[in-house]
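In what follows, structures are represented as structure tokens.
Consider the two complexes below, in which chain A is the common component and chain B and chain C are the respective partners.
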Partner chain A sequence: MTRLLALAGVLAAVAAVPFSGRDYYATLMLPFFAYSVALLGLNLLFGTTGLLSFGHALFVAVGGYTAAFLASALQIRSLEAMLLAAVTVAAIVALPVGWLCVRYVKIYFGMLTLAFGMLFYSFLYKFYALTGGDEGIPIGRPSLLGRGFGELDKTTYLIGPYYYYSLALAVVATLVMWRIVRSPLGLSLRAIRENADKAEYVGVRVRRYRFYAFVLAAVFGAAGGVLLVVPTGLAAPPLAYWTHSGNLVFMLLLGGFGHFFGPALGAFVFIFLQDQVMSVTEYWRFVFGAVLAAVVIFLPHGLMGVLTRRADA
Partner chain B sequence: MTQVSNLLLGGVFHAAALFLVAAGLQLVFGVQKILNLACGSFYALGAYAGISAVKAALAAGVPAPLFLVVLIGAGLALGVLGPPIERLLRTIYDRDEAFQLLLTFALVLMLEDVIRFVWGAAPYQLGGVYLVYGQVRLGAVSIPVYNFVVIGAGLAVAAGMGFVLARTRFGRIVRATAENRGMAEALGVDMARVSSRVFTLGLVLGTVGGALVIPAGAAVNEMGIELIVEAFAVVVIGGLGSMRGALVGAVIVGVLKAVAIAVYPEAEMLAIYVIVIGVLLFRPAGLFARAAA
Partner chain C sequence: MTPLLEARDVVKRYGDVQALQGVTLSVREGEFVSIIGPNGAGKTTLVNVLTGLLRPTSGRVTFRGQDVAGVGPVRLAELGMARSFQLVSVFPALTVAETLAVPALARLGRAGRFFASLSRDAAVAERVAEMAGLFGLADKLERPARTLAQGDKKLLDVASAFALRPEVILMDEPTSGVSTRDKTLIMETLVQAAKRLGVKAIVQVEHDMDIVFGYSDRIVALHQGRVLADAVPEVIRADDEVVATVLGKPR
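Let's turn to the complex of A and B:
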């Protein structure tokens, strides 16, 4: 009950951010929503199933590029259509990629996902006619639920309708994932993480369930990717670069992958810390590397681990 | 014909540096069981330090033909970074691979900014020494002798590593540790010392590799995170933990890249990943992997 109240409190606070009058912080929340959605997928793969992907950015990029392609090449403005197309394309891409990747576990899985991510990156970079090469594809302002909001200026649009649209989508995605993790599928995935041989022995079809997890992760990644490119107005190759995947895993670990809300917390802290550090020094990567090292060594359960330990004590 | 040999030589030149980095990666993976994402950053560090060292040496009046010695010296000197970094990694040897991978990712982030801080963001170049050793005419094209020097150095390191691993006491200990860490420790191997030395050796292979190729090009901030992907391709093709695999993998990747750039530039990296995925499909453990690697 207290958890539910805490959750409602957080949600209310997040919904109130645009009214704080600090537009800048409200725009920072947009990538937070996007990454929260994308990380739900990554956490299903790593936290729940035990497969560490170093190529999740592939699906974020697939989502972002699909949306941008729809907007630029096909003149489709509806964000719902973009989301639908993005998750469909991501699922289609994830079928062969996942089929190949889930034959491996541990470090091989990580390396193979990284290879696929970079494969897509070089595709984006080199096939100029389709992807815009290093310039990427611009994406204009999409319409939300059929409304264009042409009368609003860009910031008002982003921290107004788009803000609540993103928030609502993040909440829906979270509820869906909550349901998945608590379904028989989620239970099987956890069994696989704990002991794949034993899971197989009691009748869980390990490879098939890992494959389901992979495709679901891709779908969430792509939805996050769509949300990510709209505020920046551009889908560009760095979305698919392996360091972007590394940052996604960083957020996951920072928040704590063992906890359902860990990834969202990680994304939040990552984005706001990055903003603060970048305003102080241009060498934010060094600071972040040090933070990551400290988290890896001293806080293996992430920030959520610290919070819940306090709560339980 | 000359064009083909020119192409192959360019590929092998790149392969020599790639081999050095991949060999370092393999060595560390073999003993510490850590896939070191930062090996590309060591390569970049070696490149930048090599340029600075040669510039300083030339300014101090060292004759130009000695620049090769200065480059290798700079790479070796960076070995002092080995023990402290290994000490940091030692805190997580018994943890899940995910944490190990992430800690080396933290090193990647930090070293990238260290380089940016010390040498700046603009490309850094070592002009004027590349052709000091002259050129060889091969039909219609001329190839800098330095390219052969680097290829020779790569082969020499390969042979030296092979000798050290197969014939010396240190090599036997390294192989024993890679085979069974607990047993080696039980037999009296000082694991802390072996780990520290192996990691330093792996780091130095990377820094020397970076230092050696740099007269032919310019050092840029992203060179480390770009190379790591190629080094990964090499070890996947060759098989994790195998030195012979690193050598063969480096030649495959180096030559393939050179050919792809000449024939169909769009496919440069694509071709490499296609090979990687093909190998993973048909020889999942790589071409030269030992069983259960």
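Let's turn to the complex of A and C:
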């Protein structure tokens, strides 16, 4: 009950941000929604199944590029169509990639996902006709549920209708993932994480379910990718670069991958911390490196670990 | 009666080493069979071959007439055979109830459902409660496995194999690593559970001769990859060769 109240409180606060008059902070919430969705997928793989992917940005990029391609090449404006296309393409890409990757575990899995991510990054650079090369593909303002909102200027659109659309999508994605984690598959995946050998002997199809987790993760990654490119108006190669995957892993560790809401908290803190530190020093990566080291050493359960320990005490 | 599980002339070679040199063995319905033998006799290799984990170099292993060579653990469970290992193996962070739900879901063919509610699955809950009751874990359902005492971990480990509702269960030293006091408790518990669940046969590898002679219907003594003797306990006890090589001292 306390938890539900806390969640409702957080949701109300998030919904109130556009009314605070601080438009800038409202725009910073948009990548937070996008990353929250993408990280639900990454954490299904890592937190639930025990497979750490260093190539999740591949699927974020697949999502972003699919949306931008639809907008630019096919003149499709509907965000729902973009989302549907993005998750479909991501699932199709994840079939062969996942099929290969889940044959390996631990560092081999991590490196293989990293390699596929970089392969896609190179593809984005080289296939200019399809991807726009280093310039990427611009994406205009998509329509939301059939409405174009042409009368609004860009910021009003983003912190108005788009803000609530993103928030709603993040909430829906979270509910769906909540259900997945608590499904029979979710339990089987946790059993695989805990002891894959034993899981097999109690009838769990380890490799098949790891594959399911991989494809589901890709789908959430791509949905997050669509939300991510709309505010910036561009799908560009850095989306798929390995440091982007690294950032996603950082967010997981920062928030705490052992907690369902840890990744979202990690995304939130990451985005606002990055914003603050970047405005102070150009050496923000240095600061972030130090923060990451400190988190790993002092907060192995992430910020959520600190919060929930306080709450339990 | 045709045997449930049968090995015929099974040979298993690792390079130059012959771990099994033509083992023939059958397990019939209703039997509790113990495999004994000194270290290196090939006991674990035999269990691995019987459960399809290892392919025999030559010879055949059949379960209900079907070849099980190299079938893999999941298929094995589907066929109706379960196995537990010498070292206690649990899912440390999963609770007792969750641990028992994993095989129950697998047995019901629901383990891969990703958009169904687990907590509302009455059939799974019922099986979990039944298993926990049979193995004396009913008051520890919400305890993570890693917090259990060693004896309870062993019970949970064995219970999760039983939760597959197998026809035959093969156990590699079910009482290893637990105190003497717990040994009897574990054996009593699993024999009772096997009866209640309709398990048709139990095969175990065991070193503790009190347990071997106390529970077995039949004993298979292995020595250097061969069957030295295959008989009821009374005959084994009277067999001087077995007593000398396997038991190590006259009884």
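Everything that follows uses one rule, which is that the second predicted complex is superposed on the first by the 313 of 313 C-alpha atoms of A that agree within 3 Å, B and C clash if a C-alpha of one lies under 4 Å from a C-alpha of the other, contacts with A are read in each partner's own complex, and residues count from 1 in each chain.
One rule holds for everything that comes next: a contact is a pair of C-beta atoms (placed from the backbone, for glycine too) under 8 Å apart; a residue touches a chain by one contact, two chains touch by 3 or more.
Quantities reported herein were computed from a predicted structural model and do not represent experimental measurements.
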Superpose on chain A as described above, then tell me if chain B and chain C fit or clash.
fit
In the superposed arrangement, which partner chain does A:195 touch: chain B (first), chain C (second), both, or neither?
second
After superposition on the shared chain, which partner residues are touched by A:296: those of chain B (first), chain C (second), both, or neither?
first
In this superposed model, does chain C or chain B come into contact with more residues of chain A?
B
Check the residue A:6 against both partner chains and state whether it touches chain B (first), chain C (second), both, or neither.
neither
Touch test for A:204: chain B only (first), chain C only (second), both, or neither?
second
Would you sort A:187 into first (chain B), second (chain C), both or neither based on which partner it touches?
second
In the overlay, answer first, second, both or neither for which of chain B and chain C A:212 touches.
second
For A:130, is the partner it touches chain B (first), chain C (second), both, or none of the two (neither)?
neither
Using C-alpha centres in the superposed arrangement, which angle lies between chain B and chain C as seen from chain A, in steps of 10 degrees?
80
Lowest C-alpha to C-alpha distance for chain C against chain B (Å):
15
Taking the two structures together, which residues of chain A meet both chain B and chain C?
none
Where on chain A is chain C touching in the complex?
179-180, 182-188, 190-191, 194-195, 197-205, 208-209, 212, 216
Which chain A residues qualify as touching chain B in the complex?
46, 52, 54, 100, 103-104, 106-108, 110-112, 114-116, 118-119, 121-123, 126-127, 242-243, 246, 249-250, 253, 282-286, 288-290, 292-293, 296-297, 300
Going by the contact rule at the top, pick out the chain B residues touching chain A in the complex.
35, 37, 88, 91-92, 95, 97-99, 101-103, 105-114, 116-117, 225, 229, 232-233, 236, 240, 265-270, 273-274, 276-277, 280-281, 284
For chain C, which residues count as touching chain A in their complex?
72-74, 77-78, 82-85, 89-94, 98-99, 101-103, 105-107, 110-119, 121, 124, 157, 160-161, 163-164
